[in-house]
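Look for subunit A in each of the two complexes below; its partner is subunit B in the first and subunit C in the second.
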Partner chain A sequence: MALLELLANGLVFSSIIVLASIGLSLVYSIADFANFAHGDTMAVGAYAALLAFGVIGGVGPTVLALPVGFFLSLAVGGAVAALVAVITHVLVYEPLEVDSIGLLITSIGVAFVYRAIIQLRFGSNPVEFGIPLQRPIDALVPLGIRITVHEIAIVASAAILVVGLHLLLQYTDLGRKMRATADNPSLARVAGIRTRRIEWWTWIIGAGLAGVGGGFLGLYNQLSPRMGFDILLVVFAAVILGGIGSVYGAMAGGLLIGVINQLMPAISNVAVALPLVPNVGPAYADTVAFLIMVAVLLVRPSGIAGGETT
Partner chain B sequence: MTVLELDGVDAGYGDVQVLDSLSMALDTDEIICLIGPNGAGKSTVLKTVFGLLEPWAGSVRFRGEEIGGLAPETIVREGIGYVPQTENVFGSLTIEENLRMGGVARDDDLESVIDGLYDRFPVLDEKRRAKAATLSGGQRQLLAFARALMMEPEVLLIDEPSAGLAPNTADDVFADVRAVNEGGTAILMVEQNAHKGLDISDRGYVLDQGTVAYDGDADALLDNPEVSRLYLGG
Partner chain C sequence: MSLRERYGGMTRAEQGVSLFVCGFTALLVVALLTGGLTPSYTLYLAGLTGMYVLLSLGLNAQWGYTGLINFSVAAFFGLGAYGAALVTASNSPLAIPGGVLVGLVLAVVGSAVVATAIAIPTLRLRADYLAIASLGLAEVVRQIVLNQRDWTNGSGGLRGIPDVFAGWPVLGPLPGELPGLQFAEYAVGIPGLFRIRVLGFTLGEPFWTDLLNFVAVVVFVAAVYLLLRRVHRSPWGRVLRTIRSDEELASALGKDTYAFKLQSFVLGSVVMALGGVFYAYLVAYVDPGDLEPINTFYVWIAVILGGSGSNRGAMFGGFVVVAIREGTRFASDILPARLPVDVPVLVDVYGAIVSDFGSTRLLIVGLLIVLVMRLRPEGVLPPQRELLWPSALEETDE
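Here is the complex of A and B:
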């Protein structure tokens, strides 16, 4: 396969990983724990989008071979994921007087609950949105890039959301308060910031983006109850690589890990040419992504963004 | 006129009592310095006033109204500011953003308040787009004061303004404390460097084991042989 095509595919996969990484890192920076339910929050968003798509369906004109109704359904998916996350925060995490390890373990339990509910309603078999698959864009095929209009929609939507988040963080009052609270929560309270509200907004934004990312993952592959959990480790690798707690690091880490993940066939071709290296196939994509994460952390222990918060 | 008053306050951390029936009063426009050995409860006084600790007993009154046990977010809106000893600026935010964060509880236009502070402290104006983490120790302390002044508080609580600073820089910071006070803000300050702290203060309280051992005019405390021998290092 041509390198360009792998890079293009990498960019698509990265877009989904980036959307998921942002939320994981945001929640870490403000709620101060590694949320293992984040992957299943993606699944919640994906299935909510599926339900919404069943109702609104092919409403409206078509944008990038997707009905406007699909984008509306994704928004519903993001909103439901945000709502579920805030409710979980208020009912489960907030009342618990435990440290960040306690919260981490609690979030594993929360992940099981989300997944069980999805499985009860939708079964464990993969399902699809039922949007007709697209052929690769003809004009790009001669360049060796086989990418569909749907995949362009994923990359473009993720880019819009990332730019939107950047503008929010840098230029709005809420964004500055989120950065201040992530930087130093006790000083934020001293300054008069109502940090409890900021925590809510963090969950809403982080889970909302994860929910939308889940919807795109469902379009890119299929929907299954384990869909989010299955990529959670890759998302963690991206977040740790970027510097956990840093939103911009998560964006960079997500991009890098996603591309590396999809470049695996090319990497394995190179590796086979070297003596004594076994033929590592694409099945080892996650392993290689983690190896690269470890290698980067050996050089920069606090990740790409180097301890910068948000 | 008394603006802040503690009356028979007990407070502490977990099961450990630190303040023991402590009483003191701060008048409008004055600087009070709290001195005393480590563990005497100096910082605990500030934390209790600002709602970071809840008083176990007794009363904390601001302008005659009980504020004991209110949350810091509420107290800052009442008109009391607090400058913690360490990590008292948002390092990853710019100077200007730090000031904005100091004014989150204001409803009016922040720009004029920020401009007023830039006029008072020109060094902050020069660096308004720089990240707070890039400031020197003295500049950081000044930014921490300015952040708290965004609310135009009647009372400013300052925890060890000279901690970790070189002697020259500490002198500058004490001058800044005076400048803040001359702007019309009453100051309750904790200071390890008792001599310099009392030098710029109107009155002082010597705390020992969570209660007031001595109090009086700053000059009188500096001249008091007992205080000098026990608490000022001879």
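Here is the complex of A and C:
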């Protein structure tokens, strides 16, 4: 049965969604608006990683069939995405005198500006990192799982970053301040937390993770200027499923949505056998994610984590 | 009231907008006379403007009146366009019998049904959730149009859509019966300074057909505008405005805000579908690319730039969007491919911008959204006196 393989693929795709949804959720809770530019921030990170990879390329030994230079490039991509996000925050969002809906609309404009600049520099056609594709790991093929070393690298890196973020949020001063600001900004300010600085850190962490996620998405698929916008709704679905503002909810939501997205072939096979269910093929994988999102919004707007803020 | 007095009575913003619209129209007329634009392209531009005006009026009825964030404009536009195209296109897989009116009814009924189906669950959501959910549902509609080949012909699109009045008793054969008007070419100018050639084209049957289409758009835009203005000023419209500024206040006054929001959403969606119907006849071809999210945001720009809640603002916004859409296309033809001066970085940036006008358009759209929200979040023509009954205005003036 190919179910195991689909599950494994789902785990890989989830890792990317989780990286993206953490940032979206952090910004939602601390800057208090739905950031539609988050997907394009991922694309910024991916293309910055591409540029960096062109310079530092195959530096160093290979880890999991990827040169160390690739991981350095991803770090550069994350840093560039963080820098771009902070600059956008200072130049665009902070001086605005509008409510959170106004910020939401503005973020769409920001998303278009990011994408237009990427298109002007790199063209609209998809590009690739140019790392040779790997064959599926031989030891796992008998189990029916066709998964490459690169995909293991994606899952492992995402796991490291998520654990790192958990430690940061729970055990460091910055993490405690971030959680306090997300919970109640006025109270945090009265308690002496410089919330403006915390907002900066939110953008740095959120956009940084999104940039790294974008780089992995580029490795997993291809890089294209629309890659971020195309995945944005799936990321929103994950954040809403997990409960807006909850980082741990976003992680769980990302995992679920990613797996469901990749399981679509199996789900549609089952659905065909049932009466009264339309034949939904794998082409509708994103559609199913949106419908889950709308259903969650209706039934339980606080998400599966129950509105527990980070 | 003389023209001068009317101009004097306007606010500064109104004066600026009037001058912009007059100047832009004058520019089009000059371009038409000097051969920069062909007559049928000019009519296409005018029809496109009418279509965007319909779309922005529809969005304005949702966002401007009631404050509903609808990011599925492209979906309703697409429903209208596909509704019209499925009935009349030559390669329509469904082959529904009927003509223009059947298509129009199908588009209006279809969009009203879908709008109700989308609105019933989502309108209870918080405003920002509605934004995300509606964008998601727009993608669902686009995916269905793209993937259900047996209904919509998928990415191949629908072509061969006839003229609006083809087969009608009087209006159908009319363009063929009208005489072809031939304009001789003249050369005008000041001797010794400059000479340009003007006119020198023939207006034949295709022109009369386009003109008839254009007249149909104008009639619909005028009717929709007058209707929306009337309902906006009515007690019903006042409730919508109250909901927009404070929904809890409206429900405290005993209004069923959910029902009002639903009505406003369906009204706006039907107007958008009308815009889609006209688009199908204007370009005689529809494909799933017309349902791309970018088209939603063109309309959003028109509404927030024009002034949320203002019907006149929405019309002005429609003008501006066509100016951006077609102006960039025009600019790519006339701008030189290389910068005349040789400044290292500037040359590359200029080259990239000139060679890829699709991306430049996206950049302009993005910057415009950011700038409007930064500099004038209420828009160029925010609703002011247009919300008052004219008679009430006269009483205060005395």
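The definition used in the following text is that the second predicted complex is superposed on the first by the 302 of 310 C-alpha atoms of A that agree within 3 Å, B and C clash if a C-alpha of one lies under 4 Å from a C-alpha of the other, contacts with A are read in each partner's own complex, and residues count from 1 in each chain.
Assume contacts are C-beta pairs under 8 Å (C-beta built on N, C-alpha and C of every residue); 3 or more make two chains touch, one makes a residue touch a chain.
All of these numbers come straight from a predicted model, not from anything done at the bench.
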item: Room on subunit A for both subunit B and subunit C (clash or fit); value: fit
item: Contacts of A:V98 with subunit B and subunit C, given as first, second, both or neither; value: second
item: Partner chain in contact with A:L297 - subunit B first, subunit C second, else both or neither; value: second
item: Partner chain(s) touched by A:T287 [first = subunit B, second = subunit C, both, neither]; value: second
item: Subunit B versus subunit C as contact partner of A:I108, first or second or both or neither; value: second
item: Partner chain(s) touched by A:I131 [first = subunit B, second = subunit C, both, neither]; value: neither
item: Partner, of subunit C and subunit B, that touches more residues belonging to subunit A; value: C
item: Centroid geometry (CA): angle subunit B/subunit A/subunit C, rounded to a multiple of 10 degrees; value: 90
item: Which superposed partner A:R121 touches (first subunit B, second subunit C, both, neither); value: second
item: Subunit B versus subunit C as contact partner of A:A34, first or second or both or neither; value: second
item: Touched partner set for A:R194, first subunit B, second subunit C, both or neither; value: first
item: Overlay on chain A, subunit C to subunit B nearest C-alpha distance, Å; value: 18
item: Doubly contacted residues of subunit A, that is, touched by subunit B and again by subunit C; value: none
item: Touching residues (chain side subunit C, partner subunit A) in the complex; value: 69, 121-122, 124-129, 131-133, 135-137, 139-140, 143-144, 146-147, 293-294, 297, 300, 304, 352-353, 356, 358-360, 362-363, 365-370, 373-374, 377
item: Subunit B partner contacts - residues on subunit A that touch it in the complex; value: 173, 176-177, 179-180, 183-184, 186-195, 308-310
item: Residues of subunit A touching subunit C in the complex; value: 33-34, 92, 95-98, 100-102, 104-106, 108-117, 119-121, 123-124, 229, 233, 236-237, 240, 281, 283-284, 286-287, 290-291, 293-294, 297-298, 301
item: Of all residues in subunit B, those that touch subunit A in their complex; value: 50, 52, 71-73, 76-77, 82, 84, 87-93, 97, 100-102, 104-105, 147, 151
